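Once you scroll down, you'll see the structures, which are given as structure tokens.
Okay, so chain A shows up in both of these, paired with chain B first and chain C after.
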Partner chain A sequence: MSARVGRWLNTVAAWMLGILWLLPLLYAVWTAFHPAEFSTRFAPLAPLTLENFEAAWAAAPFARYFLNSFLLVTAILAGQLVLCTLAAFAFARFRFPGREIAFVLVLVQLMIMPDVLIVENYATMRRFGLIDTVAGMALPYVASAFGIFLLRQAFKTVPKELEEAARVEGCGTLGILWRVYVPLARPVYIAYALVSVSYHWNNFLWPLIVTNSVETRPLTVGLSVFASTDQGIDWSIITAATLLASGPLLVAFLIFQRQFVQSFLRAGIR
Partner chain B sequence: MPKHEELLRAPVKESRILPLCLVAPALLTVLVLFVYPLCYSLVTAFVDKGGQPTLGNFYRAFEFYSVDIGFTVVIVTLSTFAVGVLAIAIGGYLTLGECAPAVALLRWVYRWPLFIPFVVAAQCMRTFLAKNGLMNNSLVSLGLLDPQSTVGFLDWRGIVITFVWKQLPFVALLVSGAMASLDRTTIEAARNLGAGRLRILVEIVVPQVRPTLMVGLILSFVTMMSVLSVPIMVSGESPTMITVDMAFRINNYGDYGAANALGFISYALTGAAAWIYLRRGIAGGGKP
Partner chain C sequence: MKSFRPAIHGWLLLLPAAAFLALFTHYPAVATFWHSFFSTPKGNRPARFVGLMQYETMLDDPIFWIALGNNLVFAAATIPLSIVLAIVMALWVNEKIAGRGLLRLAYFTPTMLPMIAVANIWLFFYTPDYGLLDQIRGLFGLPAWNWLGSRDTALMCLIVVTVWKEAGFFMIFYLAALQQIPPDLGEAASIEGAGRWYFFRRVTFPLLMPTTLFVLINAVINAFRLVDHVVVMTRGGPDNTTSLLLFYIYEVGFKFWDIGYAASLTMVLLAVLGLVACLQFFYLDRRIHYQ
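Let's look at the complex of A and B:
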């Protein structure tokens, strides 16, 4: 009997904590789907509406912002996967002059977020003529220290015998990387890709600095328009815009959450 | 590690050109877009507008923003600590919890904020935690709070709540992943000897996942140190965080010297935290 009561209490407490945890998000959903007069008032029978989404969609070119964010995360991820794979493979499997210094240089990036270097990076991008371009937004992030470190650790766990067997079968070095190392590190790639996409979809400061037109501005920067005082404080529209911005990631998470969590469990990030 | 395994793990001696070619693209990017701006900002922090060496930028940074520097350290440390404790609690409950529906619910719920951008999280919290926001209005309508005594949380508490809400899923995901991959026999043995769940968590589980926890916490610490949107949107008042001061010096005064000095202080702080991670990573993962 007491075990059953304990189980019941556990479940109730979990539900309460769960609701409390999701409350800001639930609040955003509530406000976005209800008229403005219910934005700070909870009434179960309040009428539902999509007008806030219409207003938010009309107030900013969201379709373009979505495309820009998609291009941005795709460019960054593609660059990271290529650069990090090649560098991690070299660090994990080869001995070459300056290896230690090069690895320390890469790892120092972990200590310092690129955001604090925005002033100088802005000047560099201006010299390259990359201001207000997707490449300008993406370049500072393509040589990810986290990615190189993570993949290097994963590559170091690949049995040497597999590499030797592939070599006997006639694989060259890059063939071994492509056919042996990359497939075996798949969970790490998936976990890393999800973290990277999530981070860069959400990135705000650098894109804010380096973009100045609708043609390149990503969603997060577009969303900041709603936070400015000259827009007035209409929380219903703000939260509708907020949901529009984070919606794709949330939907993707709903669809892929099993694979996502399994990848993290298998990746063994340490 | 046995000697024959060490031999198997030994790096291959091959062409010297190939590994350099493999590393070159990443290294070139790091040099141009990280090392160079870092060195340049370090130099700029130590020279005046005429190019003469000076500590004036640091004097100015400390004169105007010493409270903000302390505030930043306190806020980020407090948030990191809270994230750590809650991540252990979540991971522990997911690993040792005996009530299947509660475990399933917690597993489903805790990850959601991972995919919310900081700017969106700040937006949600700004409207949720305000004096006349939904939280207070709901408490008032439930009769739990007097309308006259409502208090907004749009200050340091709002920043900490937002940071914890946003960063906890990432660390909890890493920690619960590490906990799930632990050898269950030690946990079962402790259970058979009569150890309670809390004792098993503190004395058996947490020590084994400590490296993963540290990775998550240090990455969170560095991330929170560099966030601009949360302190700007959640707490518009003073004291504020270093990132806001940097933006203010640049936007209002064009004072790149003081901004770089603040940046230097910021990455000295994150560097100290990340060094712990690197030292452990190098010790655990072999020499770089």
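Let's look at the complex of A and C:
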């Protein structure tokens, strides 16, 4: 009897926390889809509207921000995939002098990320004339210690016989990497790609520092500019814009939940 | 001749990544150290060597101490809170609980939102008078409260937002670890008459230790790295009560353009992160190995 009560209490507590966790998002959805006069009044039959989204879309160049975010995320991911693959292959399957030290130097970036080296990296970007460009936003992140580490682990599990077979078939070093290692590490690539895309779609401080025009600003920075200056305190429109900015990732997550969670796990457990 | 080839190939493969890492991680870290001994160049006056002057300024700078103190409070609150919540959440959604899938989703969703969007939503939550929090207070006849505008509650508000965003993320690592624990352990314990709390304390929690270490390191880094919510919600105010170290660096470096001083502040941040790294490598990694 008491076990059943305990179980029931457990379920109730779990759901109370769950609702608490959903509340901010539900509140934002409510406000964004209702006329402004209902933004803080909860009438169950309040009329639904898309006007807030239209107003937000018209008030700031969100289409451009979407494009910039898309370009940024793609550029970073493309660079990461190439650089991390090559470096991970070197660490996993080559013996060369200085390998151990080089690996430790790579791992340093797990702790000291470009996120905290903003002042010096800004100076570097200014020297290169890359302030306010997508390249300026992307370059500090293209060599990722995390990606190198993850792929190295994956490459290490590939049986050596496969590599030797490919070598007998006449494959060179890059051929082996491309034909044997990369296909076998596919799940790790997917996991890494999802983690990288969600990180950089949501990244804010560095893009904020490096960009200063509509032509380069990603969504996160665009949203903060929009919310702080343009709108005063029209919450309906600001929440609509907020949902717009988080929309693509959130929708992708809801559809591919399992893959996302698996990816974060695969990336986290080493 | 043959024995050189793998070495050359290895280095060639590593080279592109190494170049970028050196340029955007190692060089700036060393340059920060170097520049922290120089004054900030102004107009036609170039930077000159000033020794430890920037550090002396720092020691005398009350705002630096406030930001550092805030950051320590912020870390001391967000880290244990989000870890405990993550464990509780994971234990719940690991059981056969009604609506388990939906519950997992509810806990994890904040992780997928940009901090900047989260901050906007919570800003609305905290709005005096007609934000949700004050409406609830209103139901109990309590007066409006300026949550983010008062010194007593502003930092706490940021802590709540951070815990809300992070707990679900940490939960999935605990969930994965819980699923690795063989169920017969629990069965054996209940035959022996061990209570749930006793079982958790003596069996589950020790088995979760490696996960806790991983989560802990991540939580510490995040506590010093993530300031998006400060930029959007409070800009460090009121009276610097919500200024965190990286936010202060951002202000000094990009609002006051005091590069030399920002470099010495960054050194403090690097020292903190370096300390965490050393602790992980030399201490925790050696102590926590059960498998």
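We take it that the second predicted complex is superposed on the first by the 230 of 270 C-alpha atoms of A that agree within 3 Å, B and C clash if a C-alpha of one lies under 4 Å from a C-alpha of the other, contacts with A are read in each partner's own complex, and residues count from 1 in each chain.
Please note the rule applied: contacts are C-beta pairs under 8 Å (C-beta built on N, C-alpha and C of every residue); 3 or more make two chains touch, one makes a residue touch a chain.
Keep in mind the model is a prediction, meaning the values are calculated, not measured.
Bringing the complexes onto one copy of chain A puts chain B in a clash with chain C.
In the superposition on chain A, contact of A:Q257 is made with both chain B and chain C. Touch criterion met: A:F146 reaches chain B, while chain C stays clear of it. When both complexes are overlaid on chain A, the residue A:E100 reaches chain B alone and has no touch with chain C. By the touch criterion defined above, A:T211 reaches neither chain B nor chain C.
Once the two complexes are overlaid on the shared chain, A:K160 sits against chain B while remaining clear of chain C.
The intersection of chain A residues touching chain B with those touching chain C, taken from the two complexes, comprises 10-11, 13-15, 17-18, 21-25, 27-28, 31, 40, 82-84, 86-87, 89-91, 94-97, 99, 102, 105-106, 108-109, 111-117, 119-121, 123-124, 139-140, 142-143, 148, 173, 198, 201-202, 204-205, 220, 223-224, 227, 235, 238-239, 242, 245-246, 249-250, 253, 257, 261, 264-265, 268-269.
Residues of chain C touching chain A in their complex: 6-11, 13-14, 16-21, 23-29, 31-32, 35, 85, 88-89, 92-93, 95, 97-99, 102-118, 120-122, 124-125, 127, 130-132, 135, 164, 168-169, 172-173, 176, 214, 221, 224-225, 227-228, 231-232, 246, 249-250, 253-254, 259, 262-263, 266, 269-270, 273-274, 276-277. Taken together, the chain B residues at the contact with chain A in this complex read 8-9, 11-14, 16, 18-20, 22-23, 25-27, 29-38, 40-41, 44, 97-99, 101-103, 105-106, 108-121, 123-128, 132-135, 137-138, 141, 165, 170, 173-174, 177-178, 180-181, 211-212, 215, 219, 222-223, 225-229, 233, 243, 246, 250, 256, 259-260, 263, 266-267, 270-271, 273-275, 277-278, 281, 284-288. By the touch criterion stated above, chain A contacts chain B in their complex at residues 6-7, 10-11, 13-15, 17-18, 21-25, 27-28, 30-31, 39-42, 82-84, 86-87, 89-97, 99-100, 102-117, 119-121, 123-124, 139-140, 142-143, 146, 148-149, 152-153, 156, 159-161, 163, 173, 195, 198, 201-205, 220, 223-224, 226-227, 235, 238-239, 242, 245-246, 249-250, 252-253, 257, 261, 264-265, 267-270.
Residues 10-11, 13-15, 17-19, 21-25, 27-28, 31, 40, 82-84, 86-87, 89-91, 94-97, 99, 102, 105-106, 108-109, 111-124, 139-140, 142-143, 145, 148, 173, 198, 201-202, 204-205, 208-209, 219-220, 223-224, 227-228, 233, 235, 238-239, 242-243, 245-246, 249-250, 253-254, 257, 260-261, 264-265, 268-269 of chain A are the ones that touch chain C when the two sit in their complex.
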